[in-house]
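The letters A, B, C and D name the chains in turn, as written, and every chain counts its residues from 1.
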Amino acid sequence: MSDDHMLYRIAGSFGRQSAMTTIGAKLTHVEPGRVVIELPHGDHVLQQNSFVHGGVIGMIADSACGYAALTVQTEDRTIVTSEYKINLLSPAVGERFVAEGRVVRAGRQLAVVQGDVFAINGAQRKHIAIMLATMTIIPKTGDMVD
Amino acid sequence: MSDDHMLYRIAGSFGRQSAMTTIGAKLTHVEPGRVVIELPHGDHVLQQNSFVHGGVIGMIADSACGYAALTVQTEDRTIVTSEYKINLLSPAVGERFVAEGRVVRAGRQLAVVQGDVFAINGAQRKHIAIMLATMTIIPKTGDMVD
Amino acid sequence: MSDDHMLYRIAGSFGRQSAMTTIGAKLTHVEPGRVVIELPHGDHVLQQNSFVHGGVIGMIADSACGYAALTVQTEDRTIVTSEYKINLLSPAVGERFVAEGRVVRAGRQLAVVQGDVFAINGAQRKHIAIMLATMTIIPKTGDMVD
Amino acid sequence: MSDDHMLYRIAGSFGRQSAMTTIGAKLTHVEPGRVVIELPHGDHVLQQNSFVHGGVIGMIADSACGYAALTVQTEDRTIVTSEYKINLLSPAVGERFVAEGRVVRAGRQLAVVQGDVFAINGAQRKHIAIMLATMTIIPKTGDMVD
């Protein structure tokens, strides 16, 4: 599909994810094989020590990985997360968090995607999480949206 | 620590996790080596096909695993998630979701914990996700809470 | 397929894996959804501290998981490992090592399998590793064997 | 430690791993934070379709990751693999296989390491596996070798 079409498709899908709205995440970049999602620090997504919850970091990384896989599919295919593994490298402290998904390999049935999350503090950018995810590529049917 | 003390400790910590309040998760069971967290279906935690977001399922499984590891620590130690891997077995469709964390092995530096998430629909209970997590055991210091 | 046929299929495939012969592993049990592989201690499969190499433990767990997934496929399908994650719980010390794979969920495209490895010392049996694996189910073609 | 000392330490440890000798793997590069291990194709490390066994690919990736973590430790510390996750991207077909481990983050208790395995065929180099591993850093005691 054209890059424009791809952008509309992914932005539309992202906009329908109420979980992303709830945590305050925004889609900020889409290109073939690579998607970026940002999350500003918010008082409603913390764990007990006032760091952003590791599971929330996992959510934005998973979404970035899934959409990265979607950028390299044809229109009649969609993506579901089969599994992911995330290493939390440092506490999620920062003004905002940038999750980047990059396709490592896209096959016929599966796509393998790497995710990285960075904490931004002023001019500083710290690598706080790394993800390896397997996405299943499935035919899109009837009332299914991306 | 006594079972009562353990319950207060974990319930207090859980109560301070604003991310759990935001998604609507509740701590429902604590025993040595095992913790259960429940999430009712909510319109604000969905992905684009109106299933509960896989990342949200990951959040409650991660929390159940972390607190399960905490149940077998002494009071001067706390737990941080080092990494987790989750396989999403089926779409998260249900009235509510039950995440159970069970300690597989607790060592001196690390605890390995298994998580399982079930979707509940009336009398039906379906296994929708399985997690394997590594928790780091660290000394509790100063202003750190669990 | 019949249980007998399944046993022949899996034993035949296992017999063609020169890597299993090299390390000394034996197929010891096959039933629908569950396969067991055993490895006697051997001086040629060690790491630098004379424990069995963690990667060798991973090999037998991966094979047990793959064959467990194969037990629940039709004859025209075969299995390839897509990914696995293993936690090494204790050093691999023992007279022999028993790896057990059990199918958690078998879908149309993927099977999720759990693996557990135990070290046997006389009457003692210690849980030394736990695996979570994703197997891809593919149509069997031409000169492909299981 | 000096780079020379590090090289001796790691080459010595690798030489004591009988499992590496058995499969035919060789240590080919050591620098701070990065280690490379090579495996020539061999008829004794195959699976049933004459590809190199996925578990053998996991072994060389795990070893490369473990030694990469060791390069950034002081002499009184050593490394044990806590867990790893590997995605097999393509069948392991080639004249030789190159596993590279690179430290992503080394903390006080844990090191997170990324591994990549490439199949070499003449001038071609194909990315066939990607690993994310967690290594535990432990004090070296008495008769323990690296």
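Things to note:
As a convention for this text, a residue touches a chain if its C-beta (ideal position, glycine included) is under 8 Å from a C-beta of that chain, and two chains touch if they have at least 3 such contacts.
Everything quoted here is computed from the prediction, not taken from an experiment.
Shared contact partners of chain C and chain D are A, B.
Relative to the C-alpha centre of chain D, the farthest chain centre belongs to B. Taking shared numbers over all numbers used, the chain A to chain B interface scores over half, which places it in the same class.
The mean-CA centres of chain A and chain C are about 33 angstrom from one another, to the nearest whole unit. Centre-to-centre spacing of chain A and chain B amounts to 22 Å, using the average Cα coordinate of each chain.
Note on chain placement: the centre of chain B and the centre of chain C lie 29 Å apart, centres being C-alpha means. Residue positions 82-83, 85, 87, 112, 132, 134 of chain D each touch two or more of the other chains. Of all the residues in chain C, the ones that touch chain D in their complex are 13-14, 16-23, 43-49, 52-56, 58-60, 62-63, 80-88, 91, 144-146. Taken together, the chain C residues at the contact with chain B in this complex read 85, 87, 89-90, 104-105, 112, 114, 127, 130, 132, 134.
Interface residues of chain B facing chain D in the complex, by the touch rule stated above, are 82-83, 85, 109-110, 112, 132, 134, 136, 138.
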